[in-house]
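I have a structure here, written as structure tokens, and I will follow up with some questions on it.
Every chain is named by a letter (A, B, C, D, E, F, G and H) in the order it is written, and numbering of its residues begins at 1.
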Amino acid sequence: MKVVFERTKGLTNEETHYCPGCTHGIVHRLVGETLEELGVLENTVGVASVGCSVLSYHYFNCDMTQAAHGRAPAVATGLKRVLPQDRIVFTYQGDGDLASIGMGEVVHAAARGENITVIFVNNAIYGMTGGQMAPTTLIGQRTATSPQGRDIQSHGLPIRVSEMLATIDGASYIERVSTHNVKQVVRAKKAIKNAFKNQQEKKGFSMVEVLSSCPTNWGLTPEESLQWIEEQMVPYYPLGILKNSSVITEDIR
Amino acid sequence: MKVVFERTKGLTNEETHYCPGCTHGIVHRLVGETLEELGVLENTVGVASVGCSVLSYHYFNCDMTQAAHGRAPAVATGLKRVLPQDRIVFTYQGDGDLASIGMGEVVHAAARGENITVIFVNNAIYGMTGGQMAPTTLIGQRTATSPQGRDIQSHGLPIRVSEMLATIDGASYIERVSTHNVKQVVRAKKAIKNAFKNQQEKKGFSMVEVLSSCPTNWGLTPEESLQWIEEQMVPYYPLGILKNSSVITEDIR
Amino acid sequence: MKVVFNENYCKGCSLCIAFCPQEIISLAKRINNKGYRPAEVKDQNKCTSCTACAVMCPDNVITVYRPIKKRSSVS
Amino acid sequence: MKVVFNENYCKGCSLCIAFCPQEIISLAKRINNKGYRPAEVKDQNKCTSCTACAVMCPDNVITVYRPIKKRSSVS
Amino acid sequence: MKEEIIIAGFGGQGVMSMGQFLTYAGLKEGKEVTWFPSYGPEQRGGTANVSVVISDQPVDSPVIDEPTAFLALNKPSFNKFYSHVKESGNIFINSDLITNYAKRNDVVIHEITATQIAQHIGNERIAGMVLLGAFIEKTGILSKESLYSALKDVLGESKKHLIPMNKKAILEGIHVMQD
Amino acid sequence: MKEEIIIAGFGGQGVMSMGQFLTYAGLKEGKEVTWFPSYGPEQRGGTANVSVVISDQPVDSPVIDEPTAFLALNKPSFNKFYSHVKESGNIFINSDLITNYAKRNDVVIHEITATQIAQHIGNERIAGMVLLGAFIEKTGILSKESLYSALKDVLGESKKHLIPMNKKAILEGIHVMQD
Amino acid sequence: MGKVLMKGNEVIGESAIQAGCKYFFGYPITPQSELVAYMAQRLPEVEGLFLQAESEVAAINMVYGASSAGVRVMTSSSSPGFSLKQEGISFLASAELPAVIVNIARGGPGLGNIQPSQSDYFQATKGGGHGDYNTPVLAPSSLQEIVELTDEAFRIADEYRTPVILLGDGMLGQMMEPVDFEVTKDNKEFQKDWATTGTVGDGPPKTITSLDLDDVRLEERNKQLQIKYKKIKATETKVECYLMDDAEVAVVAYGTVSRIVRSAIKRARDNGIKVGLIRPISLWPFPVEKIAYYSNKVKSIITVEMNAGQMVEDVRLAVEGKVPVTFYGRTGGVIPSINEVHEQILSMVNEVAK
Amino acid sequence: MGKVLMKGNEVIGESAIQAGCKYFFGYPITPQSELVAYMAQRLPEVEGLFLQAESEVAAINMVYGASSAGVRVMTSSSSPGFSLKQEGISFLASAELPAVIVNIARGGPGLGNIQPSQSDYFQATKGGGHGDYNTPVLAPSSLQEIVELTDEAFRIADEYRTPVILLGDGMLGQMMEPVDFEVTKDNKEFQKDWATTGTVGDGPPKTITSLDLDDVRLEERNKQLQIKYKKIKATETKVECYLMDDAEVAVVAYGTVSRIVRSAIKRARDNGIKVGLIRPISLWPFPVEKIAYYSNKVKSIITVEMNAGQMVEDVRLAVEGKVPVTFYGRTGGVIPSINEVHEQILSMVNEVAK
């Protein structure tokens, strides 16, 4: 018997605190596997954000720093700018963290072409605090702070962060992937790997937006949640590569 | 003799504190004229930001609130959301204010489709504090904090705010104009008027980015400064309408 | 055993069940440490070692093995 | 007087001078309240009331008048 | 009269609602009440507990250090509070889940096969309600009727259909104590 | 010896550099010095002033309430500080710009046609330097040579070409006082 | 409507609405999120507006904007989020804009945890923001008191044109208790002719600003603020004394902890110990006089807080060395038990007896 | 290099570089912008890094990141920008990350103005952020002292793993004075095996966090912090006494104001008045013992500050009512004149003589 799938060394043996069926766990695994496969676990410093993944420093098997809500890109900038050249720095952020309070920080990290990798877990809700509206919450979606469903009139349309950041010159690699089935998870893995390789190649800011589930706050079973991603989220948040270029050489007038 | 050009009632009689030849003065006039011509001076509340225009509350002949650095869009949101429907709210912000510290606020005001008008004066520098680098400072431009000239490696490429905000669904009208000659100033006036009309028509977030001079910190004469806008800024910040749509009816999936 | 479940990590979310093409995974009657019914495969023979279950498991519960093909089957 | 300068608002920036197609604006020798040499037009006759100076003046110094055309000139 | 009650169990066992049933019932009887939940990280996955005070006098501390009554729905929770129960206090135990513990002689321990009873009624998730019934019967702090009526307030329109089942469980708890 | 000097004028009149010339010169002579500029909103457009203390002893307050010397480059600035000058202090006035004021008898007022002298030298913007020359000549707190050498430090490479002109202005100021 | 059972966070929301506040700008954070959710549900029902801001910084500045327009407006947060509001609070104080700002504090420093804590006392009372300003700080200890103090908070805010802080902790926010909203309320109407609502029909343009480049004028503004603060100190100090008449030992405690202390005092009284409670209800202005008064009567004072010792400084400032002032506190979100506090009282009594 | 003339802001920058700080993350604000500009110019020359952050919030969090990596790092701002850093400072304190944070304070509250002020004293010393923490606060009064105290700030930061605040005002930042950088410096090397630099060759993964969901563990962290603060109080208190030996009146003042006070004291001494100066150099820890000691010797104490009265509370806490403590202050960026202070001393002397 040959092992065809086993737990990555990129993760510790800690059991996670995530709810049953929450795809944060899948994204963790993909990042862990990537770090292991690229052989950079010992060179990596991860930045945990504030959200359900706040404790991710227990799970990633590398050095980790926990950042204030929304500020992971700034913390990562501080780390990356002072660490030796061969160090890999990534942030792991939710949609509330990155797209709401942390909008300024992520836009500017991208604009500076900060050579870091951002894993952006978009579950269209604030998971940690009990299901409030995120900037990525879909129109009509009911949350604790949009009890009648998000409406355009008062909250506007959800932000497509990847599309927005793709307009920024310093962003070198941006892709949106999903976790709603095997094929998508495999793709997500590839994207995450690219985003880290990009950093190794010093190409600048890379981000992978991962559509992810929150069964607990969506009020759905884990399986229904994956369906909801496919049917509700993907149409508004189309999957694919939004940017793949090298900031260093391009687009300078 | 017929008056063909006279001081607008949209401005008070206060003398401004701007440096000689600073085009902040031109932009003020255009806003003042617009408010006068649309007959909304009495219905308008302006929000002054922190930058050289911090004292603009002395100059605009309407109610004015002075906001913390970068937060004018949030202050404007607070005002607009609680004032009677017929009130017009605008912000007047510099590039440091809007594009650096205030990035989060302006992106979210746009995303919410906040029905306000933003006058964004881009002079590629922090004027007020003595000429530091702004997010819009051009590559190679020497400033107090980029004494060797802004370089891509450490600061990334300048942010094209209008292009970025144009990707946001809630942004209904976005145009970039300039002040470097008579024709451009006339165009700028038209754009500013459109942006206010847009608000009257309740179409959502409108922004006019005005390329503006800072002779003092650029170390150029006023006339050279206008040339610098034309020759250096306009190529990187192309003029024109970047978005003109109504958020209410469009682009909802 | 082609699929091995690290039972105490399992939260009984059933995603493996949903994605197993062979439909051989189910939740056990017993309760694990955490208070969940863990997933299990009764009929290991039917497993094709496709790893779908493992790929979709958010809690890294599953290790998948594939029988090493015998020489004779090469032809 | 076709162009009138509100002299004490003037900062002597010279932008009006740069944009006057008739090249009739210049800075005066005298110093105004603020310590600047204000712009002035000596030869008002040459002015075409084009408003270019006023449009480009950052300090709202300039008022421009146009002579009302006489009936006779209509033909 | 005054009861200081701690109810504790797994997150999904309805501990918080049980506390609310008592609180609403107390309010209905014109008593002074407080309800204070653990709201820490335990909530997700781990254990949860709630402190309820029902009294004729205004309640000072909503935090209880020596409960007069303790309703235990699982072993970890039982272990957490067991030793703190006040002398001659009442402990109500779901004996289907909690076994093997050192008996205290200074308190009154009521072992109730709550899960079995609940399964009998049709849903093991209402085991806690059986303990609630036992509690009011034993202490007499609240009437059955108030508790019934509190069900409506807490469950609301959307869960109205669960009321009969819950009533049944309460009644069974009362019966157990009467036996 | 100790001089507490205030220099004041319009923004563009070189007030800050004048203060720096004195400070550098003082440092060169091994004296204790402080230089404190007004850095408020006046700077842009309005008036500016700088306080310089030159002393044999360590300087306590860099802020001066009773200057022993006052160099006034325009009328508004003159008005601001005139009355504060210490008894028997020295006031150096650019009399081309400052006229019509009530004379104080308890101070020594030196009226110098600094602008005219400066224009003569070739640049009216160095009028202040004429006052500086007058100041050192009158008070003797610093030598001409130190001041000359300070010019190099403050003006730096890029403005080196201005040194001769500035020297000339200083010298003229000295001459005025010698006359 | 009679007595209803609600969570403390919800009571704050309802009380604000009852006080005529129709506008709320907030950002979720545990343990105050129920307040945000409550406002999201309720405000549209009363034709008000709830807006989830993109951050605490944005929220406080939206409040600045709304208050500029003259409406009653509220925001809320918990410790880390409250720190982010400090610049904004300083601006509100300086521009003299009324607003009510809620802090349902949690364990700190840093991200800390979500358990109840009183470790933001200094921040609230000494001014966590820059510059010389103070904000009235009201600290309810029960849900019923929330009703009253929320109403007071809005009254004080409008009357003095100042931001007011309502300071609670996770315990207050999360607990339930019967509340009666039908209590007498302040019904004062405030004329806000300073508000920037557009000049329509009301004269020349108005300006709201916290800037004054001229130092003498900025000093004038500061003097005005200090006069106002003096007035607030004179008229708005709130304190409750419990069993103090014959007390030989005083415990000073505020907010939820005062309830635990009250229970402990009852236990001690049962043991014949003459102990009473001084409960500051307004933390700023601090009840200096009351404490100074009792410091001439009691033998010793214990301050009990859920922090490492903050209010105790204000107690010491009031006592001026007249009697020993000790401190007992728990940190990190640990709630002191009745027994612990009881023992502190006992040992203090023994200490003094020596 | 001998004595050089520089602006205070530049001296801070050079002193930091001399103290081995090669990393600076900042954001411009008057009156500290020269520091940012200086670092932009100088750091590349020493193979360090200057980065202009997008905001003060970003800057302090970049500092958090850089400090996590174990380097000496600094940021700076002025009052409103400093308020924005409060969350970040609380995080640094909780995660025990060393850093030096400069506040060149200006007139407040709100946007205020850019003149010198000391009205951020409370914010700096009591913790403007949330939670129980303290940061050592050093307040130089001359440019030469900046050299020494900046070095000390970095030493203390590393030795105790804590953020340290260097508090000055616009006067200190803008003035010029000769400085000698060739003074003895701390050359202690600090082993930072807690830094998250990647695990390469040094064992299991390390974590830097300020979170602890468990209240008991978070209390443990708080206890450790309090132990540390106690130690800092015991060993790092700095104070200067001037002409105090025979003083009958003491003036307490810090920073630039202390220099004006010194001049005033000389004038008063010239008039035969026995007055001295107690100058706290570390504002936290505050020189409680020294002041307590002299409060047994002098007849009265005046505190002079450029604010509405903040440090005076700490003075009163130290004096405990033993002698009268009065206050004299100017606000809004107005600098008190030597004469004003002199008169305060005179009138205090007359008062006491009565």
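The definition used in the following text is that a residue touches a chain if its C-beta (ideal position, glycine included) is under 8 Å from a C-beta of that chain, and two chains touch if they have at least 3 such contacts.
From a predicted model like this one, the values you see are computed outputs, not experimental measurements.
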> If you take the chains that touch chain C and keep only those that also touch chain D, what is left?
Replying inline: none
>> With contacts counted as defined, which of the two, E-G or A-H, has more C-beta pairs across the interface?
In response: A-H
>> Counting only Cα atoms for the centres, state how far chain B is from chain C in Å.
In response: 60
> In whole angstrom, how far does the Cα centroid of chain B sit from the Cα centroid of chain H?
Replying inline: 38
>> Measuring centre to centre with CA averages, how many angstrom lie between chain C and chain G?
In response: 55
>> Which positions in chain C are in touch with at least two other chains?
In response: 34
>> At least two partner chains per residue is the criterion; list those residues in chain F.
In response: 40-41, 45
>> Where in chain A do residues touch two or more of the other chains?
In response: 19, 54, 66, 68, 100-101, 103-104, 108, 135, 154-155
> What part of chain H is in contact with chain G in the complex they form?
Replying inline: 57, 79-80, 82-84, 86-87, 90-91, 93-95, 105, 107-115, 117, 119-120, 122-123, 126-133, 209-223, 225-226, 307-310, 313, 316-317, 320-322, 330-334
> Which chain H residues qualify as touching chain B in the complex?
Replying inline: 27-30, 33, 36-37, 40-41, 44, 49-52, 54-56, 80-81, 111
> Any idea which chain A residues touch chain G in the complex?
Replying inline: 50, 54, 66, 68-70, 96, 100-101, 103, 126, 128-130, 132-133, 135, 144-148, 154-155
>> Using the touch definition from the top, list the residues of chain B that touch chain A in their complex.
In response: 100-104, 107-108, 111-114, 135, 139, 152-157, 159-160, 163-164, 166-170, 204, 235-236, 247-248, 251-253
> Can you list the residues on chain H that touch chain A in the complex?
Replying inline: 23, 25, 49, 51, 53-55, 57-59, 61-69, 71, 73, 87-88, 91, 95, 196-201, 205-211, 213
